[in-house]
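Notes for the one structure printed next.
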Amino acid sequence: DNGTSRRLTDEEFDRYSRQMIVPGMGKEGQLRLINGRILIIGAGGLGCPAAQYIAGAGVGTIGIIDGDVVELSNLHRQVGHSTSRIGMKKVDSLITHLRDLNPLPTYIPHPFPLTPQNAASILSAYDVILDCTDNPATRYLISDVCVLLGKPLVSAASVRTSGQLIVLNCPPAPQGVLADGPHPPCYRCCFKNPPPPHAAPSCGEAGILGPVVGLMGLAQAGEAIKILASALHLPTHTGEANLRQPTLLIYSYDLAGAVGPYTFRALRMAGRKKTCFACGEGSEGRLTLEGIKDGTPDYEVFCGLNATPKGGGL
Amino acid sequence: DNGTSRRLTDEEFDRYSRQMIVPGMGKEGQLRLINGRILIIGAGGLGCPAAQYIAGAGVGTIGIIDGDVVELSNLHRQVGHSTSRIGMKKVDSLITHLRDLNPLPTYIPHPFPLTPQNAASILSAYDVILDCTDNPATRYLISDVCVLLGKPLVSAASVRTSGQLIVLNCPPAPQGVLADGPHPPCYRCCFKNPPPPHAAPSCGEAGILGPVVGLMGLAQAGEAIKILASALHLPTHTGEANLRQPTLLIYSYDLAGAVGPYTFRALRMAGRKKTCFACGEGSEGRLTLEGIKDGTPDYEVFCGLNATPKGGGL
Amino acid sequence: MGDSAADDSKIPITVDFSGGLEILFSNQRHYALSLPAADKDGSPSTIKSLVGYLLKELIKDPRQDLFVLDGHIRPGILVLINNADWELEGEEDYELQAGDNIFFVSTLHGG
Amino acid sequence: MGDSAADDSKIPITVDFSGGLEILFSNQRHYALSLPAADKDGSPSTIKSLVGYLLKELIKDPRQDLFVLDGHIRPGILVLINNADWELEGEEDYELQAGDNIFFVSTLHGG
């Protein structure tokens, strides 16, 4: 029994009725959500809206990992926190909000940063991973661990007036396998090398508009919910071929102009690459869970290699 | 003095710092937001996320109008409410949430439905109007009043897995004026006749997915914020020409498939139409604020005219 | 479009449905179609010809009145020709060109 | 593209910037350009030729190293040829065609 045959409680029926009558969701999709486990890495501008809609939809187990505390300058965009919770751990603040929205899911706080040492043990307990973080080193770490654990990854990022979203590693293929492809890409397949540090500013340095990062986080929730509800991460599913055309969604918000043909663009990306460090040919020999724990690769060094600090980045 | 030359308080500086450093916003844009007044009509699936980001951004006066109370079946998508506030007026519930997010704006509750009798007096106190409602009759009413009062209108709608967004009447042109155009369209220019009632189901009847309606509401916040911050609704602004290419954004979420080239589409719409009942040639003779108050046109009849009730709508 | 290029009595076009209209068309949002280049009377195929073709060949749902009323696209459906409102292009009388994309969108009112 | 059609030594293309790269190009996200059809040595214009043209003619910001490092597009910039990853099309050696859209996107990491 995969848990999709039990009855729904009266409260579940009432609470989820409007989404259950959508064609393609139904009781089966709802039970897949209730039995599903999503990890949200980062409780900031992406993680807040993503968490609201994932909790609202009734995903049964929701983990949130973040080591930061709520600050006043977060609140223009991090709408799952509040002025009265400034100084609280972001994870606890967000879960407070989510629990009042929907008390039914199990919320699991991880109130500390994701590290090469703790990543595998945390990610292994979830079905779908959301990368809502804010730095290149953590993004490469998350993707590598997702490849090794076979987890689908919904990755988004946003700075200033731009946003990006891509679903990776879905459905997951074993590391190093290239036959019977194309297989879906990992983060390194799409973004082989990190930018020089001065060209990869954070939202703190370069600024960010709330509706831009919010929209990307909400789109992440939409992708995560469809993956769980339609079981798109399971290799046997008929949706597989569809998800194998990897697409990078680009959002270009224009503060001085209207929505237009360039506002949203869907870009065709390549699949798994033979030359990929993490999932390509021979990758089993260079990327392992044990190695990551022991400091290989060194993500900080990898993302700082090209460091030639200059004023003002992109 | 248009109020954009005062100093920001320390709290404002800290709270809005991350959006103020975005190119194009700056202190001037922030002060335009602080001096701006936005009315959100509908505190449901569109209005909740729109309000969160409009409040977060620091828009100084935020009115919300809705006559409904919070129900359990709202909460999967109406993330500005909560389980503990079930039974409360939606307007009061949402403002409770917003005030904790950002106590600085002035929140104005209108805890009753928008009607032909109260529409003009309410809308006249705001700079930008958001249509976050759920039925055709109210949508035509809002647009007509926006034409007559010269208010820009950010209109969105969502059912099941689809969403739509369009900025109307921006910058506003006087009713009936066709010279020196093209002028921006009103709702009736784009959507001349309502569908037969059985083809226009509500979210309650046809269902709705949280991330779909949420994304449209968030996109509305983005458009409203850019209109205020860049003063795009003022006829003298250089952004005018840009906003005069009216664009209908269509979101087609696919529960069974990945993001792709058809997920977002930007459609070129016509400008103000000579034949438009509300803003076209001779419209001053058939649509007035006094007439609307007195029941002409009758929006219920207009939207029920083609009524031939049948099972299951679109 | 490839293989129909040699047959010049056919026009390859794509047709999309959104806003719920896809439910009438087997829940499929995107179609690649090959239409006769001319109507029976020899005049070039138009949007009107396409609508006739959709009703005859493609619609599976019995609720055809949710798509066409009194011989015309029902109120509340937008028709886009290559991403532009069909009112910019001549409405039903627009003559189809190879490669055209015709997009039918049902207007939404929920929120 | 119109007026350059008569001059067959030019290729009309469009070039877009996103993810912050537009800041280097006068904060403009969309450009319609007319490029020489061949390099000085007579070989067809490629993405590499385009990058040279952008550095010579279009970039206004002195921080050219945010766009090109050691003669190549810097790490952290995606190049899309007609909406597809350039690795699907031959990367810098792709030969430009009339009407091509080349899209440069800086990879984002914030959240």
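The chains carry the letters A, B, C and D, assigned in the order they are written, with residues numbered from 1 in each.
Rule of thumb we're sticking to: a contact is a pair of C-beta atoms (placed from the backbone, for glycine too) under 8 Å apart; a residue touches a chain by one contact, two chains touch by 3 or more.
Which chain is which protein? Per UniProt: C, D = Ubiquitin-related modifier 1.
Source: prediction; values computed, not measured.
With every chain reduced to the mean of its CA atoms, the largest distance from subunit B is reached by D. A comparison of the A-C and B-C interfaces places the larger number of contacting C-beta pairs at B-C.
Between the Cα centres of subunit B and subunit D there is a gap of 38 Å.
Averaging Cα coordinates per chain places subunit B and subunit C 30 Å apart. Within subunit C, residues 23, 83 each touch two or more of the remaining chains. Chain contacts: subunit B has residues 23, 160, 203, 206, 208, 254, 261, 266 touching two or more partner chains. Taken as a contact graph, with one node per protein chain and an edge wherever two chains touch, the assembly fits none of the named shapes, being neither a line, a ring, a star nor a complete graph.
Shown are all chain pairs that touch, namely A-B, A-C, A-D, B-C, B-D. Chain contact summary for the complex, subunit B toward subunit D: residues 23, 261.
Of all residues in subunit D, those touching subunit B in their complex are 23, 27, 83.
Contact residues on subunit C toward subunit B in their complex (touch as defined above): 16, 18-21, 23-24, 29-30, 63, 65-66, 69, 74-78, 80, 83-85, 87-88, 103, 105-111.
The part of subunit B that touches subunit A in the complex is made up of residues 11, 14-25, 29, 49, 52-53, 56-58, 72-73, 75-77, 79, 81-84, 100-103, 160-161, 165, 167, 203-204, 206-212, 214-215, 218-219, 221-223, 225-226, 229-230, 232, 239, 242-243, 245-247, 249, 253-261, 263-264, 266. By the touch criterion stated above, subunit A contacts subunit D in their complex at residues 42, 44-47, 131-136, 139, 156-160, 162-164, 190-196, 198-203, 206, 208, 213, 217, 248, 250, 252, 254, 262, 265-270, 273, 306, 308, 310, 312-314.
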